[in-house]
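Sharing a structure, written as structure tokens. Questions coming.
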Amino acid sequence: MSTVKILEDHELSTESAAVFADIRATRKTEFVNNFWRTLAHDPALLKRTWESVKQVMAPGALDPLTKEMIYIAVSAAQSCEYCVRSHTAAARAKGMTDQQLMELVAIVGMAAETNRLAIALQTPVDEAFKL
Amino acid sequence: MSTVKILEDHELSTESAAVFADIRATRKTEFVNNFWRTLAHDPALLKRTWESVKQVMAPGALDPLTKEMIYIAVSAAQSCEYCVRSHTAAARAKGMTDQQLMELVAIVGMAAETNRLAIALQTPVDEAFKL
Amino acid sequence: MSTVKILEDHELSTESAAVFADIRATRKTEFVNNFWRTLAHDPALLKRTWESVKQVMAPGALDPLTKEMIYIAVSAAQSCEYCVRSHTAAARAKGMTDQQLMELVAIVGMAAETNRLAIALQTPVDEAFKL
Amino acid sequence: MSTVKILEDHELSTESAAVFADIRATRKTEFVNNFWRTLAHDPALLKRTWESVKQVMAPGALDPLTKEMIYIAVSAAQSCEYCVRSHTAAARAKGMTDQQLMELVAIVGMAAETNRLAIALQTPVDEAFKL
Amino acid sequence: MSTVKILEDHELSTESAAVFADIRATRKTEFVNNFWRTLAHDPALLKRTWESVKQVMAPGALDPLTKEMIYIAVSAAQSCEYCVRSHTAAARAKGMTDQQLMELVAIVGMAAETNRLAIALQTPVDEAFKL
Amino acid sequence: MSTVKILEDHELSTESAAVFADIRATRKTEFVNNFWRTLAHDPALLKRTWESVKQVMAPGALDPLTKEMIYIAVSAAQSCEYCVRSHTAAARAKGMTDQQLMELVAIVGMAAETNRLAIALQTPVDEAFKL
């Protein structure tokens, strides 16, 4: 159903197989989801995207669950079903409760509304917000 | 510069003035930003939006700073300059560091990229993500 | 400031000049706004776009003011400052009141919010909505 | 299929049940669509959203059918299948004809096109549109 | 499943049938896809859209395959499944290889990411980019 | 005007300075634009983004000018002024003519229009497009 074949393990190039091995080792599971199986047609794209996601989502000044919730928020704002579903699953695996999800969703909706109000009325940025 | 006049305090209806009073009391500042001054043309819209924002952004299962960062993420994903600037200012006032902002921004960018990869290739949602 | 030169009347090709003449005759004004002056670099694009806008915005099953308001709504939803401003001016010229504008804006905001709620939660379409 | 359970009537909290009762009374039908059944996990969000929709979509300076058509336009511009389908059904129930729908859709398409032309060429806003 | 009926050949108006005949003659195939079958409810919209697509996608300063790939890029950026799928099929019919598709997709993803980084940080346009 | 300081050369960390040196060497110019100067607050983000852009935009199955034009198309579709302007400048530096730009822009507009038509009418994907 994707516009390129979803590659199975035995169809991977050596370079893509190495990335899959790292995905499995990092996530401690045999499961590799379709997203990576479509990117695997382009080993450089696969490797770059995986390395970047691993780096961006690692614990830092923000904790991993907060990071997953921000990912969900952007994915909803950009109408990406795959990303909403996969990162909601990831956030739940990291402990997100139904209450946290509903609060997150409420903020996404509220931000979407006020975004459009400000744009529809072309509200000028206050001087106070320019530092 | 907005498409409706930015109302000054002495131009407010009684109902809008009451909302402004609550904004000032809640935020503990005399400053009321342009967003509310354009909405004030429609007191019902002003009141409803303010009450909703107050409710959504209050401490709950998510802390107020996390909420502001999610707000910034959605605003960036939807290309709203006013909202990016006003909520970045709000997040800084709540203690957001430069490092936290840069991590937030990195997630927004990464999510935007993977959103488009999944949509461009029409990657089907894995059964594992459907519960 | 645009990425192609804003063409003045004396810089137009014969074909573009003919379109400008029709814009002026149709709108009963000498003023031709920048949008058309950038498209004029490609006379076929200019002509096609003008003919389409003239056809789409003509009175039909919907009246011209309703059509302008729908145009504003889409432009706000897609973050196009130029289009929000030019079509708000056009709607006002056709009699849109401040109250109508504020109601329009409220719907845009509300739709934006519920759009994101439905996408964030991946709400399935009810059978009743599939005819 | 949604990322939270679609709640059935017997699973509602007292507060959510009260909102459902008002939805049924206002709409004069027993049918409550999935949108509200997902929001019902957060009674405050459910109540706030329903009260806002009821207020925004009520007759005012714009008639209810015009309001539904603006809702469809925004939903199409933001790629929300659920919202396009549910509000198209609502508009039909209020008397929207096929001809009105096709004119609406033509405006949405035309606005989307000219939005992108103006942004792609970074056309500056004419002084005449700044009041 | 569409919100208007997908019209079959025997249901077309004379004007819409003439457009279908031109689609078949131009594309050298009997197949007319659903997109045109929904637009056929509004013969003026059908004719205008077909004439525009035919004109825009014809060989010019850009070759037809490059044009199809740009079409895919915009469709992915705007979350349109129908358009991603139909134009990916069209590009493949014009010779697009898997490698070209993957490079295209990588650019779409990268552009999406840097778009959001620039908006999230409100990076000012360099003077050097204003000509 | 950006929400983080635009860093000057003497304010860079050692790691960011090394990336700037590579940007200068690769592009054969002393000029480093604001985009990189804001990312430089997060050396890992700066380095990762620069390495990715360098890799994605290098000659491959698509030539560099085609790649820049696809970048412009996505940036216009996502309403990013900074990106439209910077990549239009880059494309011109690689030889893009006014005619090529206008054809590109016409495709962006046409794709935006048909995207919205398909979504507004919820046109189902033809079986023929699912391979």
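First chain written, first letter: the chains are A, B, C, D, E and F, and each begins at residue 1.
In this text, contacts are C-beta pairs under 8 Å (C-beta built on N, C-alpha and C of every residue); 3 or more make two chains touch, one makes a residue touch a chain.
This one's a predicted model, so the numbers in the text were calculated from it and none came from an experiment.
Undergrad: Going by the contact rule set out at the top, which chains touch both chain B and chain C?
TA: A, D, E, F
Undergrad: Compare the two sides of the chain B and chain F interface and say whether they are made mostly of the same residue numbers, over half shared, or of different ones.
TA: Copies use mostly different positions to touch.
Undergrad: Look at all chain centres (mean of CA atoms) and spot the one farthest from the centre of chain D.
TA: F
Undergrad: Averaging only over C-alpha atoms, locate the centres of chain C and chain E and give their separation in whole Å.
TA: Each chain's C-alpha centroid was found; their separation is 20 Å.
Undergrad: Measure off the straight-line distance from the CA centroid of chain C to the CA centroid of chain F, and report it in whole Å.
TA: 27
Undergrad: Give the residues of chain E touching no fewer than two other chains, as numbers and ranges.
TA: 1, 3-4, 49, 52, 73-74, 76-81, 84-85, 88, 99, 103-106, 108-110, 112-117, 119-122, 130
Undergrad: Show me the residue ranges of chain B that touch chain C in the complex, using the header's touch definition.
TA: 3-4, 41-42, 45, 49, 74, 78-80
Undergrad: Of all residues in chain C, which touch chain B in the complex?
TA: These residues of chain C touch chain B: 79, 84-85, 88, 98-99, 101-103, 105-106, 109, 116.
Undergrad: Once bound in the complex, which stretches of chain F touch chain E?
TA: Residue positions touching the partner: 1-4, 6, 31, 33-35, 38-39, 49, 52-53, 56-57, 60-62, 66-67, 69-71, 73-78, 80-83, 85-89, 97, 99-100, 103-104, 106-108, 110-126, 128-130.
Undergrad: Quick one: in the complex, what on chain D touches chain B?
TA: So the residues of chain D in touch with chain B come to 1, 44, 48, 51-52, 55, 130.
Undergrad: Flag every residue of chain E that touches chain B in the complex, lowest number first.
TA: That would be residues 72-73, 76-77, 79, 81, 84-85, 104-105, 108-110, 112-117, 119-122 of chain E.
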